[in-house]
């Protein structure tokens, strides 16, 4: 049981990464590819946030205890650094999502299709 | 105090359970929406009340503020959830989902 | 009390699993919207339960409020889709009570 | 972290991901992806990453789902029937995916245990942040202080990336002329939506509170989860709610396109301007402690706190403008005439 707990997050992150990668490679529809890209991104974010988790740790906001500022135990707070990196990564991911969807719309406006092979046929 | 919290939570959980059973078992969209809209709102009211009460174990300003915030979520859900239910049902009606009737539909 | 809240959380997750069946299998897209709305309400409560387990509820209330808010916006947006495009199923099959359109 | 919840939420997430990929309807895929983001937010909360959860709740669950719905609205819901010749490429993709998974699984054997407090990642740099943040900056939320102060340079360019994304969307989609050569006719008839009184009334009641809440999130980011990114996105979401429930034109009357782009610029400029102000006052770029010279009645520590607040406001303004701009461009195909 402990080994399942200690590895489960990593397994899931690998599984989600595979799902996202498969969608990006094999799906014919462009919006499906974009969804696959988003799943891939969240898989990476799961990996980073899993690194930052600590057992018996609380959230990385220092509790107000009046004058108890001196006694900050590092193992008592989750690692804040991956949180910062992933916070900005999520915000950037919505930027990339917007650009990707805009490209899909542009392609649809031009070729009237979102399917990869139909667009290829029209290009040739 | 704890007993009240546990009771409210359990009733809320039961209400959620009823919602879910309705969501899974009812025959058509409108009856499912009926189960989801009502049960969800009631259950969230009960459970949020329980959590607000649990959080209020020690009377001071900070806890009062948190309890008020939780109750503001209740107010928000009470405004938003029926509106969302209305919007979904209206969309279904507009796009022509037919209500279920007791007579079986003619098989096509 | 903590173990009680953890049990409540796991029970809510189980109920979410059942709701997810409606979301994933639901015959029409509108059923899916309804399923997502129900999951969103459960999640709002689960967030505050997690806050209670951490004993830092004051930090989690804001997230739950923002969450309820955006759940509402997503539901409204998804249902407004059907005001403009009135076909329920993307290809026109698979729904028993389908209207006369498409 | 709470391992019981961890296991159950992760299982739900995998089911959602599978369903999103498998479902044969783009609108349904977008909706299930929304559920996926909701569960993701729950997962972050459960692992203790409250700021990440807040960002995911506002950005991931809210705005990206709405963007997906808008994009599907402007294109088509249909997923085409696949041709028979694609079987080979599918097999190749499957093999590549499995190989990648295998490599990652082999590497995973060497990872430290999940939730071990003594992993290399949490032993080297982060203890400094945890120990010193109150002493250095008087900000209890470590994530905010690292985001805005210790790694302020990083965040500035993240904001610039968002700004660039907004500009790219405008460059790709925006059409200023009425008729466009390469524009195809509408895919199929869009029926006129009738105004819905209930939704309009509730939206009108809620929008001021949403905007107040967004301002609170920006201002209170030092002491609780929240900050510029989250507050800006929630503020933008209030305009999106107005645009959905009311008319597109009505929101353009409040926030015209010109103002919107101007606001985006102003936001990034506030961020960079505070950096240059520090430079002018004789310190390093974005070293806020020197701001105590111009701010009345602040010492160096409080000056850092106030400097962070300033850049959070800049970030919020920029993100607000860019979110609105991306949404409007996608939902109206760059024509700014009518939306959802």
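Per-chain residue numbering starts at 1, and chain names A, B, C and D are given in the order in which the chains are listed.
Just so it is clear, contacts are C-beta pairs under 8 Å (C-beta built on N, C-alpha and C of every residue); 3 or more make two chains touch, one makes a residue touch a chain.
Note that this is a predicted model, so its numbers are computed, not measured.
Colleague: Count the smallest number of chain-to-chain hops linking chain A with chain B, moving only between touching chains.
Modeller: Steps on the shortest route: 2.
Colleague: Tell me the chain pair with the top count of C-beta pairs in contact.
Modeller: Result: the chain pair A-D has the most contacts.
Colleague: In whole angstrom, how far does the Cα centroid of chain C sit from the Cα centroid of chain D?
Modeller: Roughly 20 Å, centre to centre.
Colleague: Compute the distance, rounded to whole Å, between the mean C-alpha positions of chain A and chain D.
Modeller: Centres of chain A and chain D (C-alpha means) sit 12 Å apart.
Colleague: Averaged over CA atoms, how far is the centre of chain B from the centre of chain D? Could you give it in whole Å?
Modeller: Here chain B and chain D have centroids separated by 28 Å.
Colleague: Listing for chain D: what residues touch at least two other chains?
Modeller: 26, 30, 48, 50, 63, 70, 72, 79, 199, 206, 224-225, in rising order.
Colleague: Please set out, as single numbers or ranges, the residues of chain A touching at least two other chains.
Modeller: Those would be 58-59, 61, 63.
Colleague: Touching at least two other chains at once: which residues of chain C meet that condition?
Modeller: Residue numbers touching two or more other chains: 33, 35, 54, 58-59, 62, 65, 69, 71-72, 76, 80-81, 83, 86-87.
Colleague: Which pairs of chains touch each other in this structure?
Modeller: A-C, A-D, B-C, B-D, C-D
Colleague: Using the touch definition from the top, list the residues of chain D that touch chain B in their complex.
Modeller: 196, 198-199, 202, 205-206
Colleague: Okay, in this complex, where on chain A does chain D touch?
Modeller: Touching chain D: residues 4-12, 14-23, 25-29, 31-32, 35-36, 38-39, 42, 45-46, 49-64, 69, 72, 74-75, 77-84, 86-88, 90-99, 101-106, 108-110, 112-115, 117-118 of chain A.
Colleague: In the complex, go through chain C and note every residue touching chain D.
Modeller: Its residues touching chain D are 6, 9-10, 13-14, 16-17, 20, 23-24, 29, 32-33, 35-36, 39-40, 43, 46-47, 50-51, 53-54, 58-60, 62-63, 65-67, 69-74, 76-78, 80-81, 83-87, 89-91.
Colleague: What residues on chain C touch chain B, complex-wise?
Modeller: 1, 4, 8, 11-12, 15, 18-19, 21-22, 28, 30-31, 33-35, 37-38, 41-42, 44-45, 48-49, 52, 57-58, 61-62, 64-65, 68-69, 71-72, 75-76, 79-83, 86-88, 96-101
Colleague: Mind listing the chain A positions that touch chain C in their complex?
Modeller: Listed in rising order, the residues of chain A that touch chain C are 58-59, 61, 63.
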